[in-house]
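Naming follows writing order (A, B, C, D and E), and every chain is counted from residue 1.
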Amino acid sequence: MIALSDYLILSSIVFCIGLAGIFINRTNIIMILMCVELILAAVNTNFIAFSYYGSDLSGQIFVFFILTVAAAEVAIGLAILTLMYRNRGSIDIDVTNTLKG
Amino acid sequence: MEFTSILFYVFSLFFVGSSFVMIVSRNTAKAALWLILTFFSAASLWLLLEAEFLAITLILIYVGAVMVLFMFVIKMLDTDQSTLRAQFTRYLPLGIFVSLIVIVQMTLVLNAGPFDLDTVGLPEQHGASYSNITAIAQQLYTVYVYPFELAAILLLIAIIAAITLVHRTQVKSKKQNISEQINVQAKDRMRFASIKKNSTKESK
Amino acid sequence: MMNFNFNISELIFVMPELFLLAAISSILLFDLYIKEQFKKFTYHLSQLALLITGLLAFNLIGESATIFSGTFVLDTLGSTFKVFIAGFSIIALVYSRHYLSVHGLLRNEYYILALMSILGMLVMVSGHSLLTLYLGLEIMSLSLYALIATARDRAFAIEAALKYFVLGAIASGLLLYGMSMIYGITGNLDIAQIASFASLVTLEPQETLILNFGLVFLVIGVAFKLGAVPFHMWVPDVYQGSPTSVTMFLSTVPKIAAVALLVRLLIDGLSDFQHYWADLFMILAVLSIAVGSLVALTQVNIKRMLAYSTISHIGFVLLGFVTGVLEGYGSAIFYVFVYILMSLAAFGSIIVLNRSGFEADQISDFRGLSKHSPWFALIMLAVMLSMAGVPPFIGFYSKLFILQQVVSEGYVILAVIAVIFAVISAYYYLQIIKTMYFDDADKEIVISAPLDLKAVLSINGALILIIGLIPSYWMNLSVSLF
Amino acid sequence: MDSLLSILIWLPIIGGSSVLLIGNERSLIAKWISVGISILVFILSINLFLDFDTSTSAMQFVEKTSWISQFNIFYHLGVDGISMPLIILTTFSTILVIIAGWEVIQNRVADYMAAFLIMEGIIIGVFSAMDSMLYYVFWEAALIPMLLIIGVWGGQNRVYAAIKFFLYTFLGSVFMLVSLIYMYNLGDSFAISDMHSLPLTLAQQSWIFWAFFLAFAVKVPMFPVHTWLPDAHVQAPTGGSVILAAIMLKMGGYGFFRFSLPITPDASSYFAFVVIVLSLIAIVYIGFVALVQKDMKKLIAYSSISHMGFVTLGVFALFSIMKMDSSGELLSIAGASIESAYLGLEGAMIQMVSHGFISAAMFLVVGVLYDRLHSREISTYGGVVNSMPKFTGFAVLFAMANAGLPGTSGFVGEFMVILGALQANFWYAFLAAMTLIVGAAYTLWMVKRVFWGAVNNPEVSTLSDINAREFGILAILAAAVLWLGVYPQPVIEAMHVSIANLLEQALTTKIPGIL
Amino acid sequence: MLNIYLTIVLAPLIGSIVVGLAGNRLGRKLSHSITILGVAISTILSLYVFNYHVLNNGDIFNQNIYTWMQIGGLNISVGFLVDKLTSVMLVVVSFVSLMVHIYTIGYMHDDKGYTKFFSYISLFTFAMFTLVISNNFMQLFFGWEAVGLVSYLLIGFWHHKESAIEANLKAFLVNRVGDFGFLLGIAFVLMFFGTLDYVETFSQTDLIIGQTLFGGFSATTIVCLLLFVGAMGKSAQVPLHVWLPGSMEGPTPISALIHAATMVTAGIFMVSRMSPLFELSDVALTVVMVIGAVTALFMGLLGVVQNDIKRVVAYSTLSQLGYMTVALGVSAYSVAIFHLMTHAFFKALLFLAAGSVIVALHHEQDIRKMGGLRKKMPITYITSLLGTLALIGFPGFAGFYSKDMIIEAVHYSDLPFAGWAYFAVLIGVFITAFYSLRLLFLVFHGESRLDSHTEEQLHETGLSITVPLVLLAIPSVIIGYFTIEPMLFGGWLDNAIAIDSSHHALAELKDHFYSAFALLTHSVATPPFWMMVGGAVSAWVFCLYRTDWADQIQSRFKRTNYVLNSLYGFDRLNDIVFVKGSVKLGNLLWKISDMALIDKLIVNGSAKFARYLGLVIKPVQTGYVYHYAFFMIVSLMLILVWVLIASNYSFFS
C-alpha cells in the first residue's frame, strides 16, 4: 500500500532535486526556470496526494490554478529573457551582475 | 505488492530519475526533453491519485504549451552551451549538501506520523461513474468561481505583458558586443597620421 | 465540501475589484482604439479608475462579509488597505508620469500593468483562502515583473526584472510548498478553517510540527515579498535597476499587499502559532534592521540606498508583528503606512530632479539642491529625517509605536538593538542632507517637473510633518483594523 | 496670559518659518523680522520671571491638552524654578546670536535667522515640556536646526562635525527613548510627574539611569562622551557655537534635574560616585587638554566641558551629603548641613546659567576676531589689544569670568559647587578647585597669546575695533555676567523651592524597605 | 556710619568706573582729578573712621549690606565689619593709595594708558577696601581675587613687553594656587560652622575643636593651613613667592601700591583676621612661622645678588613679608599688622623713590649703570635714605620698632622651631641691611656710571613725584615711634584679634616693653642692631670701599652665587614641572587619550566599524541571481534546522 507519506517524500525528493538544480545550473537562466517548474511539479504532487488521501477536491483545484499561473509565469519570464537577449546579446547569467553591492 | 504500488514505484523512479537527469543535463534542449519526461511521469502518478483531469491538463498545458515555449526560446536564443556550463561543479557539493539536508529534514517531518498509512489510510474508492472532471468543474464554477475569474485576469496579464515586452516597435537599444570589443585590433581604432615637420612652423 | 450559495447582491462587496477590472478592460480597449493625440488621457482615466476604486473601497469600510464561498473576505482591515492602496497608487502614478515622459518610457501599457498589479493587491488584501491569496500574489507579481521590464531598452531594468522574476518564482514555489503542507495537515484552503484547525486543543505534537514546518515556508514567502533579510537579495538590485517610477511603485503599495498576505496567512490563519512565527520574525527583523542599516552606509546610488533603507524599515515592521498583540500589529500597520508615505516622498523627490536626458539616481545628484530648489530640498530633508526617526516627523512616531509595543511585550533588548541601528541608519540619511545642504552644486539643477507633481510632492512632504504633529488619529486607525 | 509658554514656543517657530518663506533674496527684511521676533519673545519670556511664584515648587503657566491619545501623551507645558531661568537664557541668547549674525552671515541669511528662531522655539519646548514624550520630541527636534547651522554655515570640516554632532547626540538620546517607553509601559503614562512617582526596583532604576545618563551625558557633555563638542564648536559658525554652548549643553544638565534625580533616585545615589568621578575627570583632565589647544574655539569648547563638569558634580554630590531616613526626615551624612546640598544643586543651576552667558560671550569674542582675520588659530594673533582696545577689555572680562573670577557669574556656580562638594568629600572639592588654577591657566594663557604682547602678524595691526553692534552685544553680555556675579540672589530665589522639592524627591527612595 | 563706610568703599569704584569708561573723553587732567578725589575722600573718611574706632574705641560695626545669596538657612551676604583692625588697614591702604595716585601723575606722564592706569589703581583701591572691610569669607575672597585681577592687569600694563605679560600670567596663576587652598579652607569653614560670617564663625570655634579630618588630622590645623595657603599666595611666601619679583614688570606706582604696601599684605591681614582660628592650632602656627622665617631669610639673600633696582626692593618686600608671617606664626598678630603698616609706608616710599630714579633715568633700572645720583636728585636721595633706614631697622625709624618687635616676639615664642626662626630673622636683619644699603650706595653714592647723555639731562623729578615721597617719608620715620605702644599694647587692635593664652609671645613683649624711647635707647644692646650695623658696614665695604672684593667673593663662592642667581631654582622648577609639565600632560591627554583613544578609536572607530561591517556584508550582494537563490535556499535550510531543533520533537522516538 502506498501511503500518503510516500507521495510526500517522493515530492520532497523532487523538490530538492529542483533546489539542487538551481545550484548546479546556476549560470543558465532557462535551466533555473525549468528547475522552478520541477519544484512546482513537486508541490502539485503534494497537493494532489493530499487531495486524494483527504478526499477533498480543493487541492486539485489549487493545482489547476498553479498550472495556470505557471504557464503565465513562463510566458512572462521568457519574454523578459528575450528582452535580455536583445539588450545584452546573451542570456549568460554571468554577465548579468551589473547591479550589485 | 499491489499493481498500483508497482506502478507507483515505477513512475516514481521515472519521476525522480528523469528530473535528476534533467538537472545534470549539459544541454538545455535535452534538459527540456527530460523535463517533459518528468512531467509525463508526474502525470502518471497523478493518475494513480485519481486526478485524471489534472494529469491530462499537465500534459496538455505543460508538455503541449509551456515546454514548447521553452524549446522555442532555447532554440531562438541559441545560447552558447559551453559558457553556460562553465564551472559546472563549483557549487555542486553545496547543492548536494543543502538538498540532502532539506530532504532529510522533510523526510523526518513527513514521516512523523500524521501522514502514515495508519493515520490517514486510503480514501474510499470512487465508483466507475465518478468523473474527476465533473467534480472539479462543479467546484471550479461554483465554490471557486472567484479564483477562476482571477485566473482569467492572470492570463490577461500574461498576454499583455508578453506583447508589451516583446513586441518590437523600433529598435532603440544599444547592445554591447563583448566579443567584438575584445577582439578589436589596434589598427582598427588608431590611425597613424604623418605630420610634416615644417607644418608646425608654418602654423606659428 | 463547501456549500455553494451565491447571491448576486453580494457582488457589492467586491465592487472595488470588479470596478477596477472593468476599468482596466475599458482602458485597454480605449487605448487600443483611440487616436494618437488622445492617448494621454489613458493616464487620467487610470487615475480616475483608481480614485473611484478607492472611493468604493472607502464606502465599504465598516462592512464585513465573507463571500464567494469563503474565498473572499471583506472586513475593515481589507477595505482600509484598499483605500490606502488606491490612494498611494494615485500619488505614485502622479510621480511616475513625469519620469516616464522625460525618459521616453511612456507607454500606456505601463498604466494598465500598474492597475493590474493594484488589482492583484486588492485581491490579496481580501483573500481568504490560500488559493486567492496565491492568485492575488501572482497577479501582482507578474504585473510588477512586466512593469519593470517595460523599460525594455534599459539593460539595468531587464536585469532587475529577470532577477526579480527568477527569485520571485523560487519564492512562490517555496510558498506553495508551505501552502501544500498547511493544506495537507488541515485539509482545507480556507483561512477560517485553517485557523479553527490550528486552534484545536487536541492537536497532536506531530501535527503541530507539520503545521510549523509549513509555516516556515509561508513565512519565507511573506518575508520575500516584504524584502526581509535573508530573503532580501532581490530588493537592492531591483530597486536600483528598475526605472525610478517603478521602484517607487514597487517600494510602496506592494508592501501593503505583502503585509495583508502576512495578516491573512499568519494572523487570521495561524495566530495560534504566533509564537512560532514570531520567533522567526524576530530573527528576520533583527537581521533586516542590521543588514539594511549597515549596507546602506556604503551606497552611492540613492535608489539602492533606499532599497537597503527599506529592508531596515521592514525589520521594524516585523518587530511589530513579533509582539503578538493587536496593538503591536496595529503599530506595524502604522509603520507600513508611514514608511510608504515617506518612501513616496523620497522617490518623488528623486523623480522631481529627473529631466529630459538626465537620470537622477546618484546621491551626488542632490548636490547643492538646497540652493537651487530650497523647497524640494526641505521636503527631502523632512523625508530623510523622518526615515531616520527624528521627531517631530512622522517616522519617529511610527518607530515610537513599534518600540512601545516591543518594550511592552518585554523585548527590551530588541528595542535597544533597533534603536542602535536606527542611529547607524541615521548616518546615511544625513548623508543625503549633507549632499543637499552642505555641498555646493557642481551643476545646475533644473526642475522641469509639471505642476501637479510639484503640488502632490509638496503635500506629501507636508503630510510627513503634519501627521507627525497629530499622529493620534492614524495610530488609532491602525490599531482599530484588528 | 494662559498660553504664554505656547506662545513662546510657537511664535519663534512660526516666525522662523515665515522668515524662511521671505527668502534669502530679501535678507534685510528677514533680518529685521528675525530680530523683532526674538526681542518680542524675550520680552514675553520676561513675564515668566515677573509672574513667577517663587513660593511653590508646583509647575506654573501650565497648559495641557491631549495630544496622542494612543499613549496618553499630552501637550503639557509648565515651568518651575529649574526650567524658568533656562528659558529666559534661551530667549536672551537667541537675540544675541541673531544680532551677532547681522553682517557676518552673507550666505543664505534668511535661512540662518530662521534656523535660530526655530531652534529657539524648540529649545523652549524642551525646557517647558511636562510630558516626557513631548520633551523627547523637542529634544530631538533641536538637533535638526543645529545640524544645518553647523553644516551649512560652518567651517572647513563642517560636514564631519555636523554629522558627528548629530549622530553622537542621537545615539545618546535613543536610549532615553527606550527607557521612557519602558516606564510608560510600567505606569501607563508619559507624564514626567507620573514618572517621578513611579515605583521602580533598583535594577530597573539602574537601567533607566544609565539610559538617561547616556542621553544627558552626551549632551552635557561629560567625559568620555565629549569628543563631539570640540569638533562641533570649532566648525559651527559663531552663532551656532553660542547656542550650542549657551543652551544646548544645558539641555543635558536640565535632564539630570528633571529626569535622573527624581525618577531614579536610588540608582542616582548608587551610581553617584561614578558620575562624580567622570565630572572630576572632566574638570581636571579636560582643563589640561584645553591648555594645549591651538585653536581658540577648541580651547573654549574644552573649557565648556570642564565647566559643565561642575554641573554634574554639583548635582550628584548631593548623595554624599544628605540622605533620608525611613520617616522621611532628611539627615546629613558626615555632619554636613542641608544647605550644602542646596549649594551643590543650585550651584549647578547657576553654573548652567552662568556658563550660558560666559561661553556665549567667549564664542562671540572669538567670532569677532574670526570675522576679521578668518582664523581661529591662537598663533595668528598676538597684541590684538593694540588695535582693538575696547574689544580687549571685553575679552579680558569674559576670560576672567571664564576663569571664575569673583564678581563675575563664573565664580558663583563654581564657588557654590565647590563649597557643596567639599561637604560631600574633600577630594571632590580638591579636584574641582583645581579648575581655579587650570581654568585660569588655559584662559589667561590664551588671552596672553592673543591679546597681549607685541604684534607679530602685520594683519593684526590693521584690525578695526568692534563696531556698535558688536559692542552692544558684548556689553549686554558683560552686564549679564556681572549682574549674575554680583547679585545672583534673584535667580537663586526663583529656583530655591523647586530645588528643595527636587532634593526631597531625589532623596526619597523608591524601593520600600531598603533603609 | 554705614554711609561713611559705603562712601569709603565706593568712592574709588565710582572714580574707577567713570574714568575707565569715559577716560578718553574726560582727558587726563579730569581723569586723574576724579580718581584722586575719590581716593582722597576715602582717605579722609578712613581717618575719620580710624579716629572713631581706634582712638575713640567706637563700637564694632558689623552689618550686611545686601544678600548675595540666601540658600535655606545659609546666608551669604556682602557686608561690612569695621573694627580697629579694619580701621588701621583702611588708613594704610587709603593713604598709600592716595600717595600713589598723586605720584602716578608724574610717573605715568608720558604713557598712552594714562587714564586707564588711574582707573585700574582706583579699582584696586576699591577691591582692597572690599577685602579689608569684609565681614565674611565670601566677600574676603571676592576682594582677594579682585585685587589679584587688578594686579594682573597692572603687571601687564605694558602689554607690549613680553616679560610683562609673562609676569602677569605667572602672578595670576601662582596666586590662583594660593586661592585654591584658600577656597578649600573657606569651604571647610562653611562645613564646620555652617556660615561664612566672621563673627558667627569666630564665636563658635568650639564647633571645630576636636574635629578630625582625613583620619586623625586636626580639622583646625587643616583648615588653617588651607587658609594660609591663600595667604602664601597673596603674600608671596615660599614657595609661592615666585610671582612677586616678576611683578616688577609693572609700572612702579603699582609695585609700590600693590606689590609692596597693600595687596601683598592681604595675606597677613587675612591671617590676623582669622586669628581666632589660627590660635587653635599650634601646628598651623608653627608652619606659618617656619614658612615666614624661610621667606624672610632666603628671599632676603636673593636681594643681595639682584642688580635691578626694583627687584632688589621686591626681594626686600618678600623678606619683610616673611617677617610679618613669622610674627603671625608666633601669635604676635598685632606686631605683624604693625610691621605691615610701617612696611607699607617705607616700602611704598622706597618703590616710589626707585620709580623716581627710573623716571629720571628714562626707565633705566640696572643699578650697575647708576651711581652718584644723590647730588642730582636730592629729594629722592634723602627720602630713599630715610626709607632705607626704616627698612633696615635703624633705631628710631619706623621699621626699627616693628622689626625689632617681631624678632623679640619670635624670641619669646615657645613653638617648635622658634629658635631656628629667631636665628633666621636675625640673620635676615644683616642681609636686609646689606642689600638695602648696597642699593643705596650703588644708586646714589660713588661715581656715576651713567652715560653722558643721561647725565646731562638728569634732574630731580617733578612735584607730583617728590611730594608723595616726602609725604611717605614722614610716616616712615616717625610712625613706629608713635604707634608702637598703642598698637601693640594699647589696644588699637584688640577687638579684632584673639590670642590664646598659651601663646604668650606678645604678652612677654608687653612685659618687657616700657616705652618706645626706651626701646630706642636699648637698641644698641640688642643683637638685631649689631646685625644691622654689620650689614651696613659690609655693604659699605663691598660697594664703596673695596668694590673688587665683591667680585672676588663672587668668584670664590661660585656655587653659592649660582644658587642665588638662579633664585634657588624655583623658576626653573616651576617652568619644568608645572609649565612644561602641564603642557606636556595636556598634550598627552589631548593627543593620546582624547584624540587617539576616545575620538579616533572609540567614537570614529565605532562609526568606521559599522561602515566596515557594511563593506563586509556588501559583497554578499554579488549581483548574480544564483547567489541570491543559494542564499535563500541555504537560509531556508538553516531555518528548517532551527525550527526542527527548537520544536523539541524527537524524531526517532
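Everything that follows uses one rule, which is that a contact is a pair of C-beta atoms (placed from the backbone, for glycine too) under 8 Å apart; a residue touches a chain by one contact, two chains touch by 3 or more.
Note that the structure is predicted; figures quoted are calculated from it, not measured.
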Note: chains that touch chain A and chain D both are C, E
Which chain pair shares more contacting C-beta pairs: A-C, or C-D?
A-C
Chain centroid nearest the full-protein CA centroid
D
CA centroid of chain B to CA centroid of chain D, Å
68
Could you give the separation in Å between the centres of chain C and chain E, each centre being the mean of its C-alpha atoms?
77
Whole-Å separation of chain centres (CA-atom averages), chain D against chain E:
36
Report the inter-centroid distance (CA atoms only) between chain A and chain B in whole Å.
6
Find every residue in chain D that makes contact with two or more other chains and list them.
167
Mind pulling the residue numbers of chain E that touch at least two other chains?
607, 618, 621, 623, 625-626, 629-630, 633, 636, 640, 644, 649
Residues touching two or more other chains, restricted to chain B: which are they?
91, 94, 98, 102, 106, 109-110, 112, 115, 139, 143-144, 147, 151, 154, 157-158, 161, 165, 173
Judged by the touch rule stated earlier, which pairs of chains are there in contact?
A-B, A-C, A-E, B-C, B-E, C-D, C-E, D-E
Chain B-touching residues of chain A, taken from the complex the two chains share:
1-10, 12-28, 30-31, 33-35, 37-38, 41, 44-45, 48-49, 51-55, 57-58, 60-61, 63-65, 67-76, 78-83, 85-92, 94-95
Please give the residue numbers of chain C that touch chain E in the complex, ascending.
162-163, 166-167, 170-171, 174, 205-206, 208-209, 212-213, 216-217, 219-220, 224, 230-231, 233-234, 236-237, 276, 279-280, 291, 293-298, 424, 427
What residues on chain E touch chain B, complex-wise?
626, 630, 633-634, 636-637, 640-641, 644, 649, 651
Interface with chain D, chain E side, in the complex: residues 66-74, 138, 141-142, 144-146, 149, 152-153, 156, 159-160, 162, 165-166, 168-169, 172-173, 176-177, 179-180, 183-184, 186-188, 190-191, 194, 213-214, 582-583, 585-587, 589-590, 593-594, 598-599, 602-603, 607
In their complex, what parts of chain E are in touch with chain A?
618-619, 621-626, 629-630, 633
